[in-house]
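Each of the two complexes below includes chain A, the first together with chain B, the second together with chain C.
Then we have the complex of A and B:
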């Protein structure tokens, strides 16, 4: 049996080795050979993927719990440093390490001739390490360690090309907005700690503790649990870019495209959904918070889909579609269908990674051009990339048979069955699905159809990427076509995914049981979903299949400088940022000067006293001795008056 | 099984051996020094092997070897070893400079005798042994401080030291005689028994007061500290280092043995006096250090303040105070010796003042970093060992519920930080003086400074040493 700690250890080793190489070669003009670095960079994620594979399919299906030692041991807090490998973490690990390896592979070609090659792979490995810790942890504090680790890597990789200060600003923004969410995570942990002690901080302890509560006890602590759940969700809105903390993700596209594919689409941003599923037993106890999750998910999905319609940067469209799809996942979690949410995380990882890698290939061959207004007609020049993107496109809009079709339909179905409100929720989500097809159709049409509008003189130089980049793209393409069959509702028996997750999630999901008002066959949902996808597709064709007006304004990331995150940046600006700036003004002008004044006063007094103390220091022995005698008399006096013979 | 008495006997023999070797070897032979160093290592090893808690009949009294005594012995050996290593270069240089000294073997032997005095103090179970030990620990230091006969300042320092020291001894003897008069016995057990029933006896209180005054001289407590700046500045640097570490260590061990031994029945009543002495010492030491510009005088004030901090430990119960004292002494030794090693490097070519440190960070980053580590440790900044040490000292104050006093002591630490940073400012911020001669650093000095700095870092980061001291002291 492979010990669990090997899984995170591999990428950690990779990060350390590559980090040392990167530091050691930082002075040289050329840097270490890229072939070797790429090999090391890919080897460790791959090893870790192998380890996950052999654990998942080689061993027994029972959860593995491994405690490495005591992490924190103080009177009110005992945390074990341990890993938990159950079906939920297995599922997450499979695609985190699998897709992580694929995208690392792709990056070897994408990052070629970049001076920061070693640094890039060191970051990527460190990201995988943190992500594995996040998923594999058996306690909330350890998950938080991974949670912070991925945030750090996200920051480092968004600002990877830090010579351009816009990229650095974008990285800062992502980090700061995420930190706002992290405070929610911390508060929630503190609330759990104060409710149930250290036991509530480990997942097993929390589940056992919640299950063991009597009804009376439960009623007493429900408000605290609701608070904890709410703040956990607040943390998730930061990491998973939901309302109100969604503004950082579009900016995060400043990083290299493989990073956007891995971190800002496939893995890190879905950790919010993972946390919800991990804490499902807590969330189902507080339906009020779950309904907040549901509504935030619905609104975010819709809002981001609308915003996606107005973007000209190809990566930014994909960023908004990621936010929108994450909204779908939270919808599913909001109706307590955590397994469906994780399933959508799973399929989304494939097709969104494929879309991003395709977009990366396009950007790469157009020498860094990201503006879709300067693309067009690329299907003739890079057919394989176009096919990859089209597969991803079909998957995301829910074209029958593709991965997104199965997972999105399941979400819609669960929404519909959610009590009396269900049909309305369903309609709203369906509208968002139509919008998805429209804005994604716009992307495909503007990029691949029509005629080339770019400025590259030799348009012959535009071509499909090299072999090493193509293979991962094609594997992901296969995934986006077929990953859905792991849980295809229309095919009897094809529900491996549901069965695998059942041991972890079923108890929570059975806890909430809302009767659906109308019973419909899954076939009906499939049909309606298909119609919605086609409708959106035709809409996109009619609206966007026409010459694109050329525009001069750039679509670079601008940090807080522009309102293109669709109002939310402005809202942040006027609420939190403004308040913080006011507070900092107050601190720097009023409080600081007051403190300075007190400081000068104290220093003045101390200096005067110091002169006094030095005055005692006489050079003559007679005087020194005399002073000591006076001192003794003084002590005797004090003892006589106060102490001693009391 | 090793005879528990062996390390103490060996140390006595070692001191005579060194003297003997100096007779049969040539003048500049390093054999006595090697013998002393290796002998100290052997004794240190033996100390770790002998069984804890032993009472050996010795003349009319008993020779006590407990865990606290063992730890203080180990600390004393550590300090003596460092002192001998530091002194080496003062004897090796050519004889023309005013700083060079002669007769290194005798110098070493005196340090060993002083160390033996410390051994005797922690083994005492009666007043006579205690007194003899303290004197044995002090008298060699008088001679050591006057080692450099050519130096007028050194002679002045030694004269002052011996005058003040004699007065202190007189106070102690006076106190002891009253303690004897109070209990009719010189044995600790009898004194404890007597003080159980006669807590308020004026005889006892006169004894306590005079004992405190006497030891106050040795520990440089206010108002008995006045000799320290002059003596520390006038003596040769290795002697200053030994004075500030060994003699302080012996004095605080002496106090701990008195307070948790014969005086333990009146500990609660003595506490206000301890707090008073510690508080005033802290203020005077810290304030005095504030405007110093000469390194050794500065270190004198710093060590006065450190004595105040050490005294804080005696407010707590024995189980908390003894580990705190032992650990802080170790930490203090490492940091203090780092500084003195650096001072000895600096004063090889320059004067021992703050100005000589200017631009040290550019000229010799290694020294500048070590200096920062040592001074921050002395100031008690985490994660260095000094933080943990000071924390435990303060813990004793908190245990005695002297919360207001605790705040006062911690605030004093702010002043301490200020003047320690003043030194660092010279080393890190002030620009280099282009006219000053270059520093010459020897390999052995470099090694010692590096080792001590690593010790200071590791002892702060890994709680192993601290944990062990706690466990051993609390289980025996």
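Then we have the complex of A and C:
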């Protein structure tokens, strides 16, 4: 049996070794050999993937818990440094470490000849470490450690090319917006703590505590639990880029493309969904919060899909599509179908990573061009990349048989079955699915079809990427084609995914019984979904298969400022940035000057008094003598009146 | 016996060093600096040794809740007619604060290695300043404590006035006058306590056994608490610190923000709350309305400033507010969080000022709009600044998170809804902190390079950075051992408060 702590230890070691190399070689001109660094950078994620594999398929199927020691031990608050390896964390770890290794492999080719090669891989390893901690933790505070760790890595990697200060600003934005969400996480933990003590902070204790409550006790603490659940979800909107905290993700595309693939598509942004699933027993107790989750998911998915239609930067389109797909996951969680949400996280990781790596290959061969208006016709020059992206594309729009088809259909089905409101929810989500096909179709058409519209000198170097980049792409392609068969509703017996997750999630999911109004066979959903995908595809072909107007503005990748962010950046500008600026102006100009004024006033009074005293002491000799005379008379008078008996 | 000698040498050694370097001609700067460095290293080693030693023995015994369990007690009657004695000793809280001071003094001497001006006087003053801070943390006689407390303010004035930069005269005067105002309040309250007790003693442990009448507490507690809180820059007495810190030379900024500002909350806990718990229970809930100004106001002001030292100074005021929140929460966890925040903030703010000093000595500016892209040229210093920043904004794994989480949880345990509301506002400050820390780091570390010819930290600077960074991580990753141990000093205060 492999001890659990080995899984996070490997990437941590990698991060430390590479970090030391990076710092040590910062003075030298050339830096350490890239081959060696790449080998180290890939070795440790792979080792941890191996460990996860052997734990998942080698051992018994019971949850493993492991406590390393006490992290925080403060009489009322005892937090163990412990890990929990159950089927939920198993599924997450499998693709986090697996896809993490693949993308690290890809990065070796992508980051070639970059001056910060060692630093990049140190960050990547540290990211994997934090992500593993997030997933493997057995208590909320430890999850928060990972939660902040991935946020830190995201910040560092978005601003990786910090010579352009716009990139660093994008990193700041990501971190600060996430910080706003973190307040929610912290307050939620405080509320749980004040409800149930530190036992409620560990997942096991929370589940046991909630299950052990009697009905009367439950009613009493339901408001507090709802508050906690709401604030947890607020934290999730930050990390998973949902309304209202979604603006940072499009800007986060300023980072290198493998980072966008790993952190801002496949793993980190899905940690909000993971947290909801982890806390499913809490969330099902408060249906009101779940309906907020549902509506936020629906709105975000739609909103981001519309915004995705208007982007010209290939990575921004993918960023909005990530936000939209995350919305789908939250929809599923909102109808208490947590296993479906995790399943979509799983399939999404494959096809979105494939899409991003494909886009990365395109950008790489066009030496940094990200504007789709300057692409076109690339299918002839880089056919393998085109196939990879097409597979990802089919998966995301729900083309029958591909990964996204199965998971998205399940989500739509669960929505439909959600009580009387279900069919309307279903229709709304279906509309979003059609939009998905439209904006993704636009991306594929503008990039790979038509004729090449970019500059000539760039066109000569267009080619499929090197072997080391291609292999991870192809593996992900296979994943985006076949990952869905782990839970294919139409095929009897193909529900391994559901069965695996059942021990963790079924108790929560059985808690909510909403009778569906109309019963339909899964085949109907599959058919409607297919029709929607084809309809969207047709729309995209119809609208976008024509000459593209040339770009007027500069097409250089901007650190921040997507071409159209669909209002949310403006809303943030007015509701928060402006307010913070106003507040800081008020504090530093008005309040601080008031304090200074008071200080000036006090000093003034003291000076006047001392001046007065000095004036009497030094200059007015006659007055002094007069006063002394008066004083003596006064003393004599007192002695005379009281007869010296005072 | 050896330990007793070692313990006393913590405060004697700095004075001896000063005496020893007096006859050396001031042109032999490297000799003088070497002697001071060795002496500071000795003090650091001694305090580390004693801390570890007491820590190891302390885990075997259960802490005494009735009074402070002192080690290395040295007591001599000093001024018989008023009953003042020379009474020093150390418990867990004293030892960790002394260790913190020793680290900051040692690194402060390291980073001022290439200072300009009269080396002999500068380093002598640093030593005396350090000795007076040690004195505050180890004296358990109120008269002695007051003497050390005053000595420290005087040294601070001399250092800023003599070796500062910018508006040094103004900053130095403002600092020392405000501190003097606080001292006079403290002295008045102490005399009241001395007369009221009727024991003819200033001994903190003996006075702690007396229950003072409410007629005294009602006026003495606010004077004592606010008087000490002046050096903790509690609103409305916070205005001295930005001007003072920015005018001070690097080592003094490190000492002032890192250690001296912690003397305020330390003495509030140790003296004011311990001696007058009844009044504390009455007044402390209202303190939250002052400290929220610290936390929020200074955070917002820091966003607008462009001078790195001003940003750090306002950030310090904001975080000192959190320490007072932990105290005002009147829960055990809050006290513990306050002490952890003292340690954590002492280290990280010293690291901040150290790196700022290093940047300033290279670029001759502290204005973040005048610098950019320095990360490429000075990665070691840049990374250190970023680590300090992340510790400051409470990233888990670094010390700030543990301290602030304890404070917030401690504040939430208090049933008063006012304190809960204030603590929610205080939680918002972690985002404000993130804004100004990241913004300033971004401005001067990224973008096109503005100073192409500067070079990264030399060995001494690297050593001082590493010395400050290690405890930040240590406290963040393994907080339980040390915070459990500190409990033994907090328990008497807490039981007093709850009696």
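The criterion applied here is as follows: the second predicted complex is superposed on the first by the 579 of 646 C-alpha atoms of A that agree within 3 Å, B and C clash if a C-alpha of one lies under 4 Å from a C-alpha of the other, contacts with A are read in each partner's own complex, and residues count from 1 in each chain.
In the analysis below, a residue touches a chain if its C-beta (ideal position, glycine included) is under 8 Å from a C-beta of that chain, and two chains touch if they have at least 3 such contacts.
This structure is a prediction, so every number in the text was calculated from the model and none was measured.
Of the two partner chains placed by the overlay, only chain C lies in contact with A:163; chain B stays clear of it.
In the superposition on chain A, contact is made by A:610 with chain B only, not with chain C. Of the two partners chain B and chain C, it is C that touches the larger number of chain A residues. In the overlay built on the shared chain, the residue A:630 is in contact with chain B alone; chain C does not reach it. Applying the stated contact rule after C-alpha superposition, one finds that A:580 touches chain C and leaves chain B untouched. Contacts of A:380 after superposition: neither chain B nor chain C is touched.
Residue ranges of chain A in contact with chain B, taken from their complex: 606-607, 609-614, 616-619, 621, 624-625, 627-628, 630-632, 634-636, 638-639, 642-646.
Residues 23, 26-27, 70-77, 141, 144-145, 148-149, 152, 155, 159, 162-165, 167-169, 171-172, 175-176, 179-180, 182-183, 186-187, 190, 193-194, 580-581, 583-588, 591-592, 595-596, 598-599 of chain A are the ones that touch chain C when the two sit in their complex. The touching residues of chain B, when paired with chain A in their complex, are 159-160, 163-164, 167, 200, 202, 205, 208-209, 212-213, 217, 222-224, 226-227, 229-230, 269, 272-273, 276-277, 283-284, 287-288, 290-291, 415, 418. Against chain A, in their complex, chain C makes its touches with residues 236, 239, 296-297, 300-301, 303-305, 332-333, 336, 372-373, 375-376, 379-380, 383, 390, 393, 395-397, 401-402, 405-406, 408-409, 412-413, 424, 427-428, 430-432, 434-435, 438-439, 442-443, 445-449, 456, 477, 479-480, 483-484, 487.
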